[in-house]
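Structures follow.
Next, two complexes with chain A in common: one pairs it with chain B, the other with chain C.
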Partner chain A sequence: MKTMRRFCLECGRLLRSRETWAVLLLTLVSPLAGLWLYTPATGTTMLSVYLANPALAGGVIGGLLFALLTVVEMDRAHRCRADVLLDAVASPLELARVRLAALLAVAVGTTGLALLLWLPAAALRIGAVFDGADYVLAGVLFFGFSLVLCTLAAAAAYSLTQRLDLSLVLVAAFAALSLTVWSDDWQRSWLSPGGVWALSDDFSNSRLFRSVAYARLSWLAALGGVWGLAYLCIRRQGRGLLGSLARSARRLYRPALALLLVGVSAFAYAAQPFYDDSNPDLSAMTLYEQEIAEGVVCTGRTADVRPNPARGTVQGAATYSFQNTSGQARKIAFGINPGYEIRSARANGEDVPAVRTGYEESNMALVEITIPADETVELVLEYGGLPRDWNLMTVQQGDPEISAEYLCLENQTLAPYLLNVAGEGEPIPAQIEITLPAHMTALPFGAQQAEVVRENADGTVTWRYAGAGPGGILYAGDYVREDVQAGGITVQLYYSRKHEAIMRQADAAGVVEAVVEYCTAHYGALSFGAAGTLKLIQGRVRGGGYAAAGASLLDEADFTAANLADGQKGAVPGEVMLHELVHQWWGLGNMFDVETADSPWSAEGLTVYTTYRIVKELYGEEYAQENYVDKWREAVQDYSLNFYVRHPEYLTALPEAERLRIENSLSTVRLYSEMPLKILRAQELVGGEEAMDEILRGLFNREVDWNAPYLTYPEFLDACGLTEEDLDLAQDLDL
Partner chain B sequence: MEIDIQGVNMVYPNGRQALKGLDLPLRSPSLVGLLGPNGAGKSTLMKLLVDALRPTSGKILVDGRPLAGNERSLKSRLGYLPQDFGLFDELTAAQFLDYMAALKGLRNAKEAVQRALREVRLEEKARARIRTLSGGQRQRVGIAQALLGDPPLLIFDEPTVGLDPEERIHFRTLFSRAGQERLVLLSTHIIEDVQSVCDQLVVLAGGQIRFAGEPAALLRAAQGHVCSFWERQAAGERSLHVTARVHTAEGVRCRAVAQALPAFARPEEPTLEDAYLYLLSQEERP
Partner chain C sequence: MRKILIYELKRLLWNRFFLGILLVLLFAGWQVLSGVTLLGVAHTAPFSPWSFGDYLRRMLPLLWIGALFFLTRFTSGGAQRVAVLTDATPVPPRRYAGVRSAAALLATALLCLACLAEALGFYALYFGGEVLGGLWAPALFVLLPVLVFALGTAWRLGQKRPWLVFAWMALPLLLSALPLPAELGLWNGTLFSEYPLRLGTLDPAFSLPGQAVAMQGAFLGAGLAALALPFWVARR
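After this line comes the complex of A and B, so read on.
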């Protein structure tokens, strides 16, 4: 009761201090810096731009401000010599505890205030995809925790040194460590969570928030423990650091508790459950070079997969049917997600040991199971756990996402992946069942379709689909499906229900139809539009899309409200969507070789050009000229007059951040305006649109060398029979 | 309340011995005056009593229990005003006292704050920010915080520094009243303050107790050792310890203490200051 009253009084005293209000107000406005000054999240989703970055920036700035406030307030009694009065009525240790508690309360209160203050602006700016839970979690984890951790770190520094200047130096050095050498390390970056590169607008972010919360709580324990040890060093009874430590540590529970917290954090650091220990040698192929189980073939496999969306875990049972003609027991190698455990392995009804070798590679842990010499063997594996992501991905946290809104289970994360046994002359037939919340749709990534086989009493639904091969990818989410007949195939467009308003506004189905019709007619059918259907699946943000036979993944970042309003890609949102879909033909980024940093050649040039051609066909020449060609010309003319283009030597003299900003802006003009103009000029030189279409058809259908699948600029020029000089725009544009 | 200081030695980390084998019983109610020259160990003794320092050896018992390990009990019954202290300038006098009342864990904090403000005559400044108060007013806030909650043990180190004469008299009376019910330890250089109110005196010098007892006993010890004389009469006289010189029309009249009074000197009735100085002069003799 007495402590509570002291705490309330200390809070009241703090709130009467001008410094507290200055720090509080500056912290409240600090998220603004995340819009342009400090933008660690490079993702272009609305939540990345208008939630993650402001929260991260606010966390760093607010955290440092709170560290300053903490040191100033901890030192205040000493500075104004009130400590002799206070220490006479209460223990310096208790006073330090109460002061810290009050500062933490102010930090927590500031977090709450910031959440309330920025709520309307964030909701307005983020628009239809705003999500209250994401908002609160980002606010608490990215912003609030920074204030709390900085307060703890500063309090620890002051307790240890009992000097304002030294404490500030210590905290500054510790913060600098986090912002520089540890900045990309998701566990060590204590001031601002590392690896937060994007937040999903249309799906959930539970995995990202989980790993960030884990790192934040680990640091809370670590700094709590460090503070607990530093607290013992608070000078008392005229003693120095060591004397005070010895005196305060006499109550053994104090150092024991502090050491326990440090120990817990060290354990949490070492035993983190989110990333694996895959071999850092990316060229290692140990798993794929396992000794083949001679005389053994797999005649089929099934998996019953049960994700737990609330926990982000997976439980499953996989059955493998083997024919063993060797007459001997054979060692079968499986790759499982390193976060999973094989809970039981039974071969023909008998328990067999599943030996985890400890070796991990390419996000797979090697498990060896010896099957008996029986001619037919049915091996049943029960597995599950919290899936771990590949340790390469710590700088891009967020996968694998498993929630009630979205999940993506790939290969070994879906079911144990058979490594050293092939099918009987054909890919292993597979039948996968997955049980999901009723509102989710299961989407196997490929030509196969999943169907509902059971509606369960607990409100879940079991889906089943057939597959082939040892692995497979499954997406599931709260999807809207639109079927579009175009280019002789049925395109199944799946997008997040959360994104429905934006997709409908952009006439997604109409755009898909237009693009598929046009591109199929002009360049040829998509190689991955197998069996007459193509699934276009909007996936959670992951930095790009990819395709397989019968399915193509569209990154949600390409369909954000902001991107759809980007005038450089299309005149209206529907045209930007059109642009993004044209990328299904003209590469998904890695299909184009960028020769030099200032080269205009990339997937964007041909994509923008094709978009222009489709728009011209849809809306007429005048519209296309005005909204595309004229704008390209204008942008390129401005570009040629740009000071830094004419005097690049001044660009190199600028601070790095400013230089990068200008370079990015100039690069955008080269990719989105200069190259389309060059292709347009090439079109004129090769004899018009039809001739250019023929050339592009040839390039699209060329035989691709998959070791170097790039379409290079020289290849394009050769196909046109032109040289770089032929496409010089200087004369055309009167530059 | 009973405090027993038993064989206390205090040696600072720099090797300076501030207190040497101190034995001192303090009983409530009493107003104990603590006198001594600079460096005598007065402040060190006070810091030991408020647990701001721990003795190198010896022990301090509070109501029969060692202070070490029972600090909380002592602090809950203590009012302390150190010689050199500060206040939170951003608070008002009343807010600061309220804060201190909370730290002391007082139940009727508001009432206690009002009473303390009344006792130090600062009611009209209750809502003034501390940064706007004069030096004397800040000193009174310091005294008020010590008085909060009527603690049974009051320790004041030079409490009347910076106060005008009228205020000094007021506080003397206040301390005297407090000393009728509680244990008050008053350290001061102003002998006048001690003389008028203390029922016990402790004189410290060189870290040791030179006198502990009633003021009358100290006065008695100086009886016959105080005199006055004309300065011109004492040329070459080295046995006299001059305590005052007064310029008059007839010359400079001196007051002095001495082990043996010279013939030319006129014996005087000793004051407490004389007695104190006589005591110290005895210590200085080889």
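After this line comes the complex of A and C, so read on.
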């Protein structure tokens, strides 16, 4: 009771202090800085611009203000020379507890006030895609937690040092690290959550909020534990740091609790469930170079996938039919999402061990299962868990999203991916069933169509579709479909129901039609098996996309209300969509071999070049020059002048982790900037755009030799009548 | 006077604050070196004077704060109350103030040396000892004027109002977040990340634009003037 009374007194005292009110008011207005001064979320969605950035900026500024207030308030008694008197009235430990609790209460109250204060403005500015749950979660996780963590950190620093100056230095350095060198590290950036680059307007953000909450709670435990240890060091009875520690630690539960919290946070840091341990060497191909199971073919596979939208997890059962003509037991290699476990493996009804080797690459964990020597083997795998994302993606958190609004399951996240067994002369036939909430539509990423096979008693619906090959991608959400006739095919444009007004306002269908007509007229018609249809599926914001035979991805950031209001772009953003649509011609309509580090040739070069041409036609030469050619030049110049590119001997001398970090950061420039520039140079040398279009048309429609189906760089050069030296950029770019 | 200098130095260095800020500096320095400097700035080597200068300017806010905390020992309310006693001693006040300034400068120089030594150790570890050389120029250019300015101006501010020293600590943090003219490019990093690119040559030798040199000269002059002000006033 006495403690509660003191807590109330301390709260009252704090709320009568001018410093407290100054900090509170400044914290309340600090989200404004997120509109122009501190904008870590680079996504262009409305929630990124008008919710994430203000909440993050408010969290940083408010957090630092609360840290300052905490140190000043903790030092007040000492500064006023009242500490001796106060210590005679109450234990310094109890006073520290009460002060911290009061400061935390003010921090929590400020968070609540800020949420109420900014609610109307946020709802008005964000418009139709405003979502109350996203607002509260962003407010609490991005903003509120920063105030609490800063208060705890400052209290811990003061309790440990009992000095205002050293406490301020400790907090300043700790905050500076979080805002600079740790800013991209989702686990270490304690002050402002790292990797929050965009919030989705049209779909859910549950995965992002989960990982941020995890990091925030880990830090809460860590700083709680550190404060608990620092609390034991609060000077008492005239003793020094160690004497006070020895005295306070006599009640063993105190250090035990603090150490437990530190231990829990360390464990949470090490055992985080969101990102994998994939080989940092992006050129590694170990999984795809597994020893082929001689004499074994896969005659078919099925999967029954059951996502749990509430938990963001997946459970499933996959069946593989093998014909084993070798007469020997064979080791079959599977790649599974590193977050999954194989719960059981049964071959022809008998349990067989599924050995997880510990090796992870490209977001796949290698699992080996030995099948018996029987001629036909049916292998049933039960798998599931919380899918982990590739560790490359920690700077762009948010995938894989699995919620009742949206999900995307890619290859090994959908079902175990067969690595060392092929089909019987053709791609492995697959039949996939997935059970989803009734309002969701299942969209296989390809030419195939899913159909509802049953409606379940629990309100879910089971969809089924046929696929081919060892993997496959599935999207699901509350989608609207709009059919666009262009280039002799039907483009099925799928987008979120929430986004319908924006898509119509932006005339997305018109842009799609223009792109398909352009590519068809310049290079030739697409030919797909599935009745001449192409799916264009809007995905959750991810800053890029991909394409497969019969389907391309459209990023939700392609068409946003902010883009529509951008006078320079007008109603013409959609550049991720353009790029992925063009991949239907370059990359799928014409295959390219796997890119290698020593050559910039890949499907990306021609795709980026064609995207530039379309943008030039649709939006004008000046826009295309500024946003494409100039940027390629800048990127290639940066790359060529990079110290490690010019002096690779220093790069090879670095430790492997550092070397890979630098190499990975440089690799994309060659594909996405150097090659398009070379093609642009080739265009000048062959006589202009029309001549280049004719050459590309010839390459697109060439007779494919199926023994060597890839479109190679020498073929491109031959068609242009040029040599590699002709396309050397060194002189053009003044390198 | 030597005894007083040693005494004041001991006051500044032989305590938890110095040890604490030294540890904080070394930890932050390693994070900057391995996270940012290793990549090199403006296409130059990580061990070029430009990258080294960038490292130092990133460490500058912490060094600035550390230097000002040293000063708070001389400008705090408590220290000003003690001044009544020290002024009554036969030691001339301006010489006493000079000794204290020297002690604060020496303590700050020790922090700087720790930063420099850490960087040299990092370079030696990753690139070998042969790359070390020619780094003294950015070190002098970045650290000397700014820290003399910090100590001089903060001393004057602290004598007016002790809390102003704490407010002054925020200056480099504020400047690093603002768009500044080229002359002040040291503060937000553009001097090391952009100026070498404008020189039109690869791996340019370390040179500085006249305005930046003038600005650093102005900082040094203002700092020295602020430190010398009491002597001048006392002589008048």
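To be clear about the criterion, the second predicted complex is superposed on the first by the 538 of 735 C-alpha atoms of A that agree within 3 Å, B and C clash if a C-alpha of one lies under 4 Å from a C-alpha of the other, contacts with A are read in each partner's own complex, and residues count from 1 in each chain.
Please note the rule applied: a residue touches a chain if its C-beta (ideal position, glycine included) is under 8 Å from a C-beta of that chain, and two chains touch if they have at least 3 such contacts.
Note that the coordinates shown come from a computational prediction; the quantities given were computed from them, not determined experimentally.
*Asks:* According to the stated criteria, A:L9 is in contact with first (chain B), second (chain C), both, or neither; which is it?
*Replies:* After superposition on chain A, A:L9 lies in contact with chain B alone.
*Asks:* If you stack the two complexes on chain A, which partner ends up touching A:G238: first (chain B), second (chain C), both, or neither?
*Replies:* It touches chain B, and chain C stays clear.
*Asks:* Report for A:V89: first if it touches chain B alone, second if chain C alone, otherwise both or neither.
*Replies:* first
*Asks:* Who does A:T180 touch here: chain B (first), chain C (second), both, or neither?
*Replies:* second
*Asks:* Taking the superposition on A as described, I'd like to know which of chain B and chain C A:R81 touches: first, second, both or neither.
*Replies:* Touch partner of A:R81: chain B, not chain C.
*Asks:* So in the superposed three-chain picture, is A:V395 touching just chain B, just chain C, both, or none of them (first/second/both/neither)?
*Replies:* neither
*Asks:* Is A:D638 in contact with chain B, with chain C, with both, or with neither (first, second, both, neither)?
*Replies:* Touch partner of A:D638: chain C, not chain B.
*Asks:* Taking the superposition on A as described, I'd like to know which of chain B and chain C A:Y650 touches: first, second, both or neither.
*Replies:* Once the two structures are laid over each other on A, A:Y650 reaches chain C alone.
*Asks:* If you stack the two complexes on chain A, which partner ends up touching A:M285: first (chain B), second (chain C), both, or neither?
*Replies:* A:M285: touches no partner chain.
*Asks:* Starting from the residues of chain A touching chain B, keep only those that also touch chain C in the other complex, and list them.
*Replies:* Touching chain B in the first complex and chain C in the second, no residue of chain A appears in both lists.
*Asks:* Residue numbers of chain C touching chain A in their complex, please.
*Replies:* Counting only chain C, the residues touching chain A are 16-17, 20-21, 24-25, 27-28, 31-32, 34-36, 38-40, 43-46, 58, 61-62, 65-66, 69, 72, 126-127, 166, 169, 173, 177, 202-203.
*Asks:* For the complex, give me every residue of chain A touching chain B.
*Replies:* So the residues of chain A touching chain B come out as 2, 5-6, 8-9, 12-13, 16-18, 76-77, 79-82, 84-91, 95, 237-240.
*Asks:* Report the residues of chain A in contact with chain C in the complex, numbered from low to high.
*Replies:* Per the stated touch rule, the residues are 37, 161, 163, 165-166, 168-170, 172-173, 176-177, 180-182, 638, 641-644, 646-647, 650, 653-654, 658, 662, 665.
*Asks:* Inside the complex, what are the residues of chain B that reach chain A?
*Replies:* 12-13, 47, 50-54, 71-72, 75, 78, 80-82, 84-91, 95, 98-100, 102-105, 142, 145
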